[in-house]
Amino acid sequence: MKLNKFWFIIAAVFLIGIAFTMVADNEFYFYATYAVMQLMIMGIAWNILGGFTGYVNFGSGGFFAAGAYTTVFLHRAFDAPPLLIAVLVAPMVCGLIGLGVGYFTLRLKGVYFAIATLAVAIILETIVVNWEFVGGAGGYYLLIPENVVFFDSYIEWLFVLILAITLIAIIVSRYLNSSKIGQGLAAIRDDELAAESMGVPTLKLKLISTTVMGGLMGAAGAPFPYFITFVEPASAFNLLVAVMAIAVPMIGGTASWIGPVIGGLLLGTIQETVTVNISSELNLLIVGVVLVGFISLAPQGITGLYQDFMRKRRKGND
Amino acid sequence: MIELFINAVVAGVLLGGFYAAVALGLSIVFGRLDIVNIAHPAFVIIGSYMAFYVNENFGLDPIVTSFLFLPVFFLLGIGMYRFYYICFERTGQESLSGLAYFFGIMFIIEVLIILVYGVDYRNVQAPYIGYSLWINDWIPLGGFRVSLPYRMLVPFAVAAVVTGGVYLYLSKTYLGRAILAVSQDRVALQLMGANPIKVKQWAFGIAIATAAIAGALLIVIHPVEPSVGRLYIGRVFAIVILGGMGSISGTFFAALMIGIAETLISTFIGPSWAPAAAYGILLVTLAVRPQGLFGRA
Amino acid sequence: MTEPILSVTNLTKRFGGFVALDGVNVSLGDKERLGLIGPNGSGKTTLINCISGALFNEQGKVNFAGSDVTGTTASRRAKLGIIRTFQIPRPFRSMTIIENLLIPMEYAASGRMESRNLRDQAMESLEIVGLQDRADENSANLTQIDMRRLELARALSAKPSLLLSDETMAGLSSSEVDEVLDMLFALNERGVAVIMIEHIMRAVMKYSERIVVLDAGKKIADGSPDEIVNNRDVERAYLGE
């Protein structure tokens, strides 16, 4: 997608989003699209380390929760500051955690790295469970402010906020993908040893990858407490978050920023329809089965299938 | 205080023995075949629920049940490996997708169990649960009272026997040694007339079969609910890696160490910190000595 | 003799209790062609790994182009101009042939590239190895000899001043060996010093200005091809007493 066209679409989407808040009167749409966009951000974040760099990690849920709990901490410590502050602080905190975790775990080979990230997430969860200040195992309640500047209700503000974060995530992802860094990451993914011997500073790039992933996940998690009003470790650190973060790009396609967006849209829509109409457990089952199905049969995801299809059509036309 | 300590260590040993049974299957599959079956604990939970089902409806002892179900789990293991081989090993995609694949499987298993049984805790009834053996009745311990609850002693004994059995199988029988060989040199194995795929299949079947037994032991020790498996992921990987990849005896000793570490932390610091113990040990091992205590370098 | 481009002094590398390299001293002149031979397991690849940075030596120093690179990362050394090829080629499988070359151009050679279009410069490297017509093909399914060509083209694109060639000719037919030999001569003519590990003796004899022989981690001979051929220690190492 050409650069100018890209920026045009980004700007257009944002403006449409804002216009939407002035026109729509049913709040359900905001809740639903919030969830979908949150999935997209998580997928984009995971994909930077998992898809672009080839380092599968199971601990991304930990960064999401860390973002949420940063908001909780700020809420408690500074008597409910504006959410925007948390949204700016959380990515920095989580990016730093990502950097630290990366520094200690990236020396490990693929498999060990994945397990180590899971370990880190569980340890983070254990710390939070034992930390009374942010509510511990019992959880933490948040009161949504009565009045919001500019918008009719708080959920509209959350909607615009998450929309902005999603667009930023897309911009970051696209930049990483198409830049020299992105090529370096792809080289690491294809063959780390060869990449290193061809001058790619693998540790440095991998650290950039984990930091960005941590930051974006933290950004996704920061508004979450306001969205859900009650945060507890069991749901914030829930395995489902980690699974979703993996499922979204693996289904949508890991090669570029578009994959997680498509995957998020698809999975988010399935989630909303099934959960509301049938049951939430069945929804989880469907997600799991679709994930395994795509991993086994179409590891390049939907974008991969589309590219295969286009290639075959081109061959047919020659 | 000392009595507390002794009881904690003893409980840790018993717990550790049980952990060894859980980690056994992964030691074979991850340690020997390099297949990262992160879903192994989920299969253990299936074993637990199967034991629960039979125990509730037919009154059979859970551990006996699990032995009856061995063939089923064995076939399940073979099936799992076949599918994994066709989708991943054959195409060389192991690392990225294979890992995510088992992650997805684990998730599906957990959700299926929730769908069938819900999220309530389930447990089993057996004549020995609820009773303890007091060592000080048999051996004078200078006033200290040390108890061995049967619900932990029996699983420990079974786990030790099963671990020993697997160890002997791998080192003494033809197929067992073929499994050891396939991890070291596939081509040599082929040249000697054994089909590596069939060997790996067999190994995976054995691994999942041990999960059946471990599951029964688990539900004897404490009630289970569908997400319990997740707590075990870190434990089993910590055990397998700490013990040294592919070393059965290493797995057993590492399991004991982790069991003792957990009970000590639980007793003296707090039970809510215990789950992190194994994960913490795992990270330290990976950082300091990734080949484990007894592993091949 | 002018300042050597590479000097390895007293290099020792251990794997646990096993001593793979024991106090090895090698130096290489600017633009020199050095053959590195020795029985299997003598430590040749380990030495290459220690020079390129894939492994770190416990003792000794590696000096390249006047600076001490001991302990620096392989990517750092690649940026300085030390480039190695792998015994078993390691292409970047998700990329096309020409995309494979962009990586070393953008990273290893980033200080040394001309400001012309990168693709044009990559095509020149492809022409030297004969892959220019297949530049946009995917690199995953090449034949053995084509993979070796790609490996060499990639090394070329990194604009090395020292190339470490690890058994590039292993398993090739006689005419293919000659092709690779020509490419390596062409490389040397452009000013690149080369250390060549090979078991194919006629290639080593033809190519090397000087030969170093390793046995069980120690250097046992260092001289011209004629000297090496007549060296009793070398004969003993390969054939036994």
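Letters A, B and C name the chains as they come in the text, with residue numbers starting at 1 for each one.
Here is the rule we go by: a contact is a pair of C-beta atoms (placed from the backbone, for glycine too) under 8 Å apart; a residue touches a chain by one contact, two chains touch by 3 or more.
Being a predicted model, the structure only gives us computed values, none of them experimental.
S.K.: Using C-alpha centroids, which chain lies at the maximum separation from subunit B?
M.R.: Looking at centroid distances, C is the chain farthest away.
S.K.: Looking at mean CA positions, which chain is nearest the middle of everything shown?
M.R.: Measuring from the global C-alpha mean, the nearest chain centre belongs to A.
S.K.: With chain centres taken as the means of their Cα atoms, state the distance from subunit A to subunit C in Å.
M.R.: 43
S.K.: Would you mind pulling out the distance in Å between where the CA atoms of subunit A average out and where those of subunit B do?
M.R.: 33
S.K.: Just the number, please: Cα centre separation of subunit B and subunit C in whole Å.
M.R.: Once rounded, the distance between the two centres reads 47 Å.
S.K.: Which bits of subunit A are touching subunit C when the two form their complex?
M.R.: For this pair, the touching residues of subunit A are 180, 183-184, 186-187, 189-191, 193-203.
S.K.: With touch defined as at the start, can you tell me which subunit C residues reach subunit A in the complex?
M.R.: So the residues of subunit C in touch with subunit A come to 52-54, 73-76, 78-79, 83-84, 86, 90-95, 99, 102-104, 106-110, 154, 158.
S.K.: Quick check: in the complex, which residue numbers of subunit B touch subunit A?
M.R.: Touching subunit A: residues 36, 38, 83, 87-88, 93, 95-97, 99-101, 103-105, 107-108, 110-112, 114-115, 227, 230, 233-234, 237-238, 241, 270, 272-273, 275-276, 279-280, 282-283, 286-287, 290 of subunit B.
S.K.: In the complex formed with subunit B, which residues of subunit A make contact?
M.R.: Answer in residue numbers: 50, 54, 56, 58, 104-105, 108, 110-112, 114-116, 118-120, 122-123, 126-127, 129-130, 137, 239, 243, 246-247, 250, 281-282, 284-285, 287-289, 291-292, 295-297, 299.
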